[in-house]
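Several structures are given next for inspection.
Each of the two complexes below includes chain A, the first together with chain B, the second together with chain C.
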Partner chain A sequence: MLDNIKDFASDFFVTGDPLIYGADVAIVLTMIAVVTALTYFKKWKWLWQDWITSVDHKKIGIMYVIASLLMLFRGGMDALLMRTQLAVPNMEFLSPEHYNAIFTTHGVIMILFMAMPLMFGLFNLVIPLQIGARDVAYPFLNSLSFWLFFFGAMLFNVSFVIGGSPDAGWLSYPPLSELSHSPGVGQDFYIWGIQISGIGSLMTGINFIVTILKMRAPGMKLMKMPMFTWSVLSSCLTIILAFPILTVTLALLFIDRYLGAHFFTLDSGGNPMMYINLIWMWGHPEVYIVVLPAFGIFSEIAATFSKKRLFGYKSMVFALMSISLFSFFTWAHHFFTMGSGADVNAFFAITTMLIAIPTGVKVFNWLFTMFRGKLSFPTPMMWMLGFIPCFVVGGMTGVLLSVAPADFQFHNSYFLIAHFHQVLIGGVAFGYFAGLYYWWPKVFGFKLNEKIGKWAFWLWNIGFYVCFMPQYFLGLMGMTRRVSSYGWDKGWYELNLTSTIGGFLMGIGFLFQVWQILHSIKFMEKDTTGDPWGGRTLEWSIPSPAPMYNFATVPRVSEKDAWWEEKQRIAQGLAPTPKPQLEPIHMPKNSGIPFIMSACFFVAGFGFVFDWLWMAIPGLVGVAACMLYHSFNYNTDYYIPVDEIKRTEAAAGRAV
Partner chain B sequence: MLSMAPSGIMLTGRRCRVMARSKKMGEMEMVKGLRRLATVLSLTAMAVLMTGCSDKLVVLNPKGEIGKQQLDLIVISSLLCLVVLVPVLVLTFYIVWRYRHKPGQSAKSAKYDPTWEHSTKLEAIWWGIPIVIIAILAVVTVKYSYKLEPSKPLEHEAKPIVIQVTSLDWKWLFQYPEQGIASVNYLQFPDNVPIEFRLTSDAPMNSFWIPQLGGQIYTMSGMEMKLNLIADEPGSYMGMGANFSGKDFGKMNFTAKATSQEEFDDWVKQVKGSSPALTKEGYEQLALPGVSEVETFSSIPEGLFEQIVHKYGEHQHGSGSSEHQHGSNTEHAASGTSGSMDGMTAEEMEAMNHEGHANHE
Partner chain C sequence: MAQSGNHSVANPAGHDEHEGHHDLEALRMMGFWIFLITDCILFGTLFATYVVLHNNTAGGPTGAELFEMPGVIAETFILLTSSFTSGLAVLSMNRGDRKGLIGWLIVTALLGASFITLEITEFVKLVHEGAAISTSGSWSAFYTLVGTHGLHVSVGLVWMISIMLQLGRHGITSVTRRKVNIISLYWHFLDVVWIFVFTIVYMMGVM
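And then the complex of A and B:
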C-alpha cells in the first residue's frame, strides 16, 4: 500500500530538480501565509463577498491586473532562467528538457496568461467609465470570464509541480505535441488550461462588443467614441473571430491524444501542416488582439499629455479596423519555409506588408497629436515616448521578415525572436504599463510615485535595448531559437552575455515597479479631484475611485472628448450641462456561481489531464448544475435608492 | 576588444542611473534622458558591429549565389524601410523637444494649437508615402519570390549533385544516391556545382539551414521538399536544424564542406573504401532518438529515401501497396509546390490519383 502511494506520488509530482523543490517550498509557504493572514484578520467573508462573488467590472478589472502581474512574475522568472542558461557557452544550469519546458511556459504565460488578462483588466477598468455606462452588458458573464481565465491559468501553472510542464513550444506543433512524441501529461495541461481560459476570452470579447455597441451614454455616436474604446471594439471583433479557431484546433489535438484520432498525426492520413495553418490563423490575429488596445491607450495618453485633440481621428479608426481585418490574411508568413510555393508566399508577403501602412499612419498621427501641443512628461507619457522609437524599429524588422525570400534567412533565428519581443514588449507591455500608470489614480484613488516610476521606466527601456538589440545580430550569426546551449566555437558568447545583462535590467525594472506600488500605498498621495492628469474623456468626470454605480446620473455627450469640452465651457464661464434628476439605479447582484462553475471546470480539466473519468465527469456535472441553477435564478438585480446615491456622492465631495 | 561590448554598455547604463538620481527630473532632464538613450543605442550598435563584424555575421557574409541574392534583398528592403524609419525617429525627437512645456516662458515658446486635429494634405502624405514604399517592396518581393523559389533548379552549366537529406531524432542523415554513400551530421560537396537537396523527415518537423549558402527549408515527414543551393568557393560552412523538434534538437549541427571536385571525389573514394555499409537495420538503429557523432557509410540500402518519404502514405486509402501514394503528400506534390514525386508530372500524378480512387471504390 505504502509503496503504491510512493509510486503514485513520484509520478504525480515533478521530482528530481532542486529548482522545482525550491518552488514547491515557496508555493506551500505562500499558501500557508495567505490562509493564515486571511484567518487572523478575519477576512474570509470580505474576500468572498467583496471580491470573489463580485460582478462589479472595476473589481473584476483589479483582479485581472493582480493575476496578470503574478503571471508576469512567473513568465519573467522563466525568461531570466533562460537568459542565465544562455549567458555563457556550454552552460549546465538547465538540462535541455527543462529548457524546453521553460521556453514553452514562458511563451504561453506571457501571451495568454499575462498579456490577455492585463488587457482584459484594462478593458474592465476603463471601458464602462469611458462610455458613461454603469457596468458591462453582461456582468455575470464578466465574472465568469474572469474565473474561467483564473482557473485555466492555475491549471496550466499546476503542471509546474504536478505531472510535468508542457515542452513542445508555445504553439505545440504536432507531431511533437502528439501522444507519440509527448506521452506525458504536460501537453494535456496545455490543452485544458488554454481551453478553459479561452472560453473566458471569447465571452469577454462578446461582452465588450455588446457593451460598446449598446451601452454608450446618450449622444455618444460611434464616431464620437474615445479612441481606446474604438481599439477595444476592434480587438474584441478580432477575438470573436479568432478564438473559436483556437478552441477547435486544440479540441482536435485533444481528440488525437485522448481518443486516438489522426487529425494531425503522421500516420493514417493525418497532417501536421493542417494544425500549423490553423493555429496561426488564430495566432497571428492574437498578436493584433493584444496590440490594438495598446494603440488605443497611446492615443489617449498622447492627447491628454499634449493637451490637444487627437490628430486624424477618422484615419485612426480606419487604421484600427483595417488592421483587425488584415490580421486574418497574413497567417502563412509564419511558415514561408514550408514549401508552399512562390504564389502563396508572395500573396502572404504582400498582405503582411500592407499592415505596415495603417500602423505607420498611426505613428504619424500620434506624432502630430504632439505637434503644436503642450507636452508634459509624467510616467504614462514616458512609456508612450519609449514606445514610439521601439515600435517603429520593431515594425521595420517586421517588414524585413515579411519579404518572403529573405525570410528564409531570418526564420527561426534570433532575428525573429528580437523582432517579436520588440513589438510585444515595446508595443504591448509598454502600452499596458502606460495604461496602468495612466488609469491607476482613477482605479485606486491615489497616484503612484513618479520618481520610482521613472527609475522603473529607464531600467526597462535600457534593459530592453541591451537585451534584444544583440539578438538581431545573433540571428544574423546563425543562432537559432530554442537552442539550450552553444559551443565556444560559434562566437555567440559576447552578445549572449550582453543580452542576459539586459534581461536582468528589465527584471530589476519590474522590482522597481513593485516597490513603486508598495511605496505609493504607504505614502498615499490621494487623488481628490478625480481628474489628476487633466483628462479628456468621461472617466475623469467622476470621483476616484469611481463609486460602485459609476455615474450618479448618466452623462449626455455631444462631442468627442466630452469631459475636456465641458471643462472648457466651464472655464469660459458658461453654465455646465444640466444634470437630470437622481433616480434609483438598477444594479446586478453578486453571484458565487461564476467561481463555483469555473472551479468545476478546473476539476473536469484536471480529471481529463490524468484521464480520471471519476473526476472529470463530476466536474462536468457541476458545470451543468451551475448553468441550470443560474438559468432558474430570477433574483439577480436590485436598485440603489436615491438617498444612498446622495450619501455616496457627498462623501466623495460631489454636489448632487 | 571582444569583451568591450558588455562593459561599455554597463558604463553608459551607470551614467543614466546617475542622471536619474539627480534631484530635478523635470522636462529638460527627460529630453536629456532621451538623448542619452540614443547614445546608449548607437554605442550598443557600434560595439556589436565592431565585435561581431563580417565573418561571424554569416547571413551577411554569403558564399553562395542564393545567399548572395537573399542578402541583396535584405539590403534593398532595409534601405526602403530606412526611408520611413529615419524621418520618423528624427521627427519624434524634434517634436518632443520643440513642444515640451516650459512653465514661465510660454510667451515665446512654441505654438500651441489645442484644437488642430485634421489636415487632409498631411494625412494624404503619410498614407501616400508608405503605400508607395510598400508597393515598391511588394514588386521586389514578388519578383524575388519566383526567382528564389527553393524548388527551382539553378541555371548552371554543371550537372547538379543530388543529396537526400533526412532529419531524424536528433541527427541529420545525408545520402548521396549517385555516389552510393551516406553520412551523418557531415556534408561534403564540390564547389561551383549546383546541389539539389531533396529533404524529408523521419521525426518531428525540422528545418535545414546552411546560412552562408542560403535560406532554410522545412523537413517534413511524408513529403519530399526541394532546396537548390550552390557554394561559390571552397570552405567549411555552419549548418543546423533550425526548427525545434524535441529534446536534443539543439545538437543537430553539422559542417557543410565545399571542396574542389577532385577532393570531393577523393572523399567519396575514401568513404567507400573504409566506412561500414548502411543497412536497413542500421538505419532503424540510427533513427532511434538520440544524438550522434559524425559518421560515414560506404553504401546505402536501395530506395531507402523513397521508403522514408512514403512511409506514412501506405495506409491512406487502403488501396494497395503502390510505392506512389495518395492523400496529403500526393496533393502536395500535385499542387506543384515541393516538386514532383520522382520526376512524375502533375498529370501523371493526377491520373494515378484517380486510379487510386477507382481501386478504392
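And then the complex of A and C:
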C-alpha cells in the first residue's frame, strides 16, 4: 500500500530537480501565506462578494491585469533561466530536457497567459468608459471569460510541479507532440490549459464586438469612435475568426492522443503538416490580435500628449481593418521550408509584405500627429516614443523574413527569435505598458510615480536592444533556436553573454515597475480631477476611479474626441451640453456561477490530462449543471435608485 | 412593460427603452449570430481537415465501401423535417399559442433524437465493419466531423428541453421568446451544416 502511494507520488509530482523542489516550497509557502492573510484579516467574504462573483467590467479588468502581471513574472523567470543557461558555452545549469520545458512554457505563457489577458484587461478597463456605456454587452459572460482564462492558466502552470511540463515547443508541432514521442501528461496539460482559456478568449471577442457595435453613447457614429475602440473592434473580429481554428486543432491533437486517431501521426494516413498549417492559421492572426490594440493605445497617447487630433483618422481605421483581414492570408510564411512550391511561397511572401503597407501608414500617422504638437513626455508617451523605432526595425526584419528564398537561411534561427521578440516586446509589451501607465489613474484613482517609471522605461528599452540586437547576428552566424548549449568553437560566446546581460536589464526594469507601483500606493497622489493628462475621450469626463455605473447620465456625442471638444466649448465660455435628468440605472447582479463553472472545467481538464474519467465526467456534468442553473435563473438584475447615484456623485465631487 | 434582461423585476421608472438602457434581448440575439459565425469557422476547419485527409485510408476500408446511403438519406430527411417543425414552433409562438409552441418543440426534439439514434447505430455498424476512429486518417476525420455535428445536435436537444420547461413555467415572455428564436436559429444552422456533411462526406464519398 505504502509502496503504491510512493509510486503514484513519484509519477504524479515532478521530482529530481532542486530548482523544482525550491519552487514547490515557494508555492506551498505562498499559498499558506495567502490563506492565513485572508483568514486573519477576515477577507474571505470580501474576496467572494467584491471580486470573485463580480460582473463589473472594471473589477474584471483589474483581475485580468493582476493575473497577467503574475504570468509576466513567471514567463520572465523562464526567460532569465534560459538566458543564464546560454550565457557561456557548455553551461550546465539546466539539463536539455528542462530547457525544452522552459522554452515551451515561456512561449505559451507570454503569448496566451500574459499578452492575451493583459489585452483583455485593458479592453475591460477602457472600452465601456470610452464609448459611454455602463458595462459590456454580456457582463455574466465577461466574468465567465475571465475565470476560464484563470483556471486554464492554472491548469497549465500546475504542470510545472505535477505530472511534468509540456516540452514540445510553444506550438507543439506533431509528431513530437503525439503520444508516440511525448507519452507524458505535459502535452495534455498544454492542450487543456489552452483549450479552456481559449473558450474564454472567444467569448470575450464576441462580447466586445457586440459592446462596441451596439452600446455606444448616442451620437457616437462608427467614424467618431476613439481609435482604441476601433483597434479593439478589429482585434475582436480577428479573434472570432481565428480562435475556432485553434479550438479544432487542439481538439484533433487531443483525439489523436486520447482515442488513437490519425490526424497528425506519422503512420496510418496522418499528416503532421496539416497541424502546422492549421495552428498557424490561428497563430499568425493571433500575433495581430495582440498587436492591434497596442496600435490603438499608441494612437490615443500620441493625440493626448501632442494636444492634437489624431492625424489621418480614416487611414488609421483602414489600416487596422485591412491588417485584420490580411492576417488570415499569411500563415504559410512560417514554414516556407515545407516544400509547397514556388507559387505558394510567392503568394504568402507577397501577402506578408503587403501588411507592411498599412503598418507604415500607421507609423507616419503617429509621427504627423506629434508634428508641431504641444508635446509633453510623461511615462506613457516615453513608451510610445520607445516603441516607434523599435517597431520599425522589427517590422523591417519581418519584411526580410518574408522573402521566401532568404527565409530558407533565416528559418528557425536566432534571427527569427530576435525579430518576433522585437515586434512582441517593442510592439505589444511596450504598448500595453503604455496603456497601463496611461489609464492607471482612471482605474485606481491615483497616479504612478513618474521618476521610478522613467527608470523602468530606460532599463527596459536599453535592456531590450542589448538583449536582442546580438541575436540577429547570432542567427546569421548559424545559431538555431531551442539549442540548450553550444561549444566554445562556435564563436557565439560574446554575443550570447551580451544578450544575457540585456535580458537581466529588462528583469531589473520589471522590478522597478513593481517598486513604482508599491511606492505609488504608499505615497498616494490622488487624481481628484478625473482627467490628469488633459484627455480627449469620454473616459476622462467621469471621476477616477469610475463609479460602479460609470456614467450618471449617458453622454451625448456629436464629434470625435467628444470630451476634448466639450472642454474647448467650456473654455470659450459656452454653456456645457445640458445633462438629462437622473434615472434609476439598470445593473446586472453578481454571480458565483462563472467561478464555479470554470472550476468544473478545471476538474474536467485535470481528469482528462491524467485519463481519470471518474474525475473528468463529474467535471463536465458540473459544467452542464452550471449552464442549466444559469438558464433557469430569471432574477439576474436590479436598479440603482436615483438617491444612491446622487450620493455617489456628490462623494466624487461632481454636481448632479 | 420593461422585460429587459433575464429578469422579472418591474422597472421602477415605469417606462420602456430609455436612453442607455439597451434592449438586452436584441443584444443577445446579435451575440448568437456572431457565435454562429465562430461555429461556421469551427465546422469549416473540420471540413477542410476531412477534405485533406479523406483519401488517407492507409490500405483500410474506404467510405465508398462502407457507407449505406438509405440510412443516411433517412437521417437527412428526419433532420430537414425537424428544421421545418422548429419553424412551425416559432410561428405558433408568434401567434401567442403556447401549447402549439411546446407541441412543435416536442416534435422537433423527437425528430432530433431519432436522428441521433440513427447516427449512433450507423457509427456502431461502421466500427463492427472495421472502420473505427483509429483505423486511418480518413476515418479519424470522418468520425470527428460527423460526430461534432451529432454532438451539436445532442446539446441542442438538452437545451430545447430546458427551454420547454422554462416556457411551461414562465409562458411566452420577451425572454423566452428570444430563447426560442435562438434555439430555432441554432437548429436551422445545424441543418445547413448537415447538408454540407451529406454532400461532401456521403454523396461525394460514394460517387
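We adopt the following convention: the second predicted complex is superposed on the first by the 656 of 656 C-alpha atoms of A that agree within 3 Å, B and C clash if a C-alpha of one lies under 4 Å from a C-alpha of the other, contacts with A are read in each partner's own complex, and residues count from 1 in each chain.
Basically, a contact is a pair of C-beta atoms (placed from the backbone, for glycine too) under 8 Å apart; a residue touches a chain by one contact, two chains touch by 3 or more.
These numbers were taken from a predicted model, which means no experiment stands behind them.
> For A:Met469, select first, second, both or neither according to whether it touches chain B, chain C, the two together, or no partner.
A:Met469 sits against chain B, while chain C stays out of touch.
> Who does A:Met223 touch here: chain B (first), chain C (second), both, or neither?
A:Met223: touches no partner chain.
> Taking the superposition as given, does A:Gly260 touch the first partner, chain B, the second, chain C, both, or neither?
After superposing on A, A:Gly260 lies in contact with chain C but is clear of chain B.
> Spot which of chain B and chain C makes contact with more residues of chain A, would you?
Looking at chain A, the partner in contact with more of its residues is B.
> Who does A:Gly269 touch here: chain B (first), chain C (second), both, or neither?
Touch partners of A:Gly269: chain B and chain C.
> Mind working out whether A:Asn345 is in touch with chain B, chain C, both or neither, as first, second, both or neither?
first
> Answer with first, second, both or neither: which of chain B and chain C does A:Ala624 touch in the superposed model?
After superposition on chain A, A:Ala624 lies in contact with chain C alone.
> Both chain B and chain C touch chain A; at which residues?
Chain A residues touching both partners: 267-269, 271.
> Going by the contact rule set out above, which residues of chain C touch chain A in the complex?
4-9, 11-13, 18-22, 26-28, 30-31, 34-35, 37-39, 41-42, 45-46, 49, 52-53, 56-58, 60, 133-138, 140-141, 143-144, 158, 162, 165-166, 170, 175, 179
> Under the stated contact criterion, what part of chain A meets chain C in this complex?
133-134, 137-138, 202, 206-207, 209-210, 213-215, 218, 240-241, 243-245, 247-249, 251-252, 255-256, 259-263, 265, 267-271, 274, 278, 281, 551, 553-554, 580, 583-586, 588, 624, 628, 631-639, 641
> Provide the residue numbers of chain B that touch chain A in the complex, in ascending order.
These residues of chain B touch chain A: 2-3, 5-6, 9-10, 13, 16-17, 20, 25, 27, 30, 33-34, 37, 40-41, 44-45, 48, 51-52, 56-60, 67, 69-71, 73-74, 77-78, 81-82, 84-85, 88-89, 91-92, 95-96, 99-101, 110-119, 122-123, 126-127, 130-131, 134, 137-138, 140-142, 144-151, 204-205, 207, 209, 211, 214-218, 220-223, 225-226, 238, 240-250, 312, 315-316, 327-328, 335-338.
> Spell out the part of chain A that touches chain B in their complex, as residue ranges.
96-97, 100, 168-169, 173-176, 181, 266-269, 271-273, 306-315, 335, 337-342, 344-346, 349-350, 353-354, 356-357, 360-361, 363-365, 367-368, 370-377, 382, 385, 388-389, 392-393, 396, 399-400, 402-413, 450-451, 454-455, 458, 461-462, 465-466, 469-470, 473, 475-478, 480-486, 490-491, 494-495, 497-498, 501, 505
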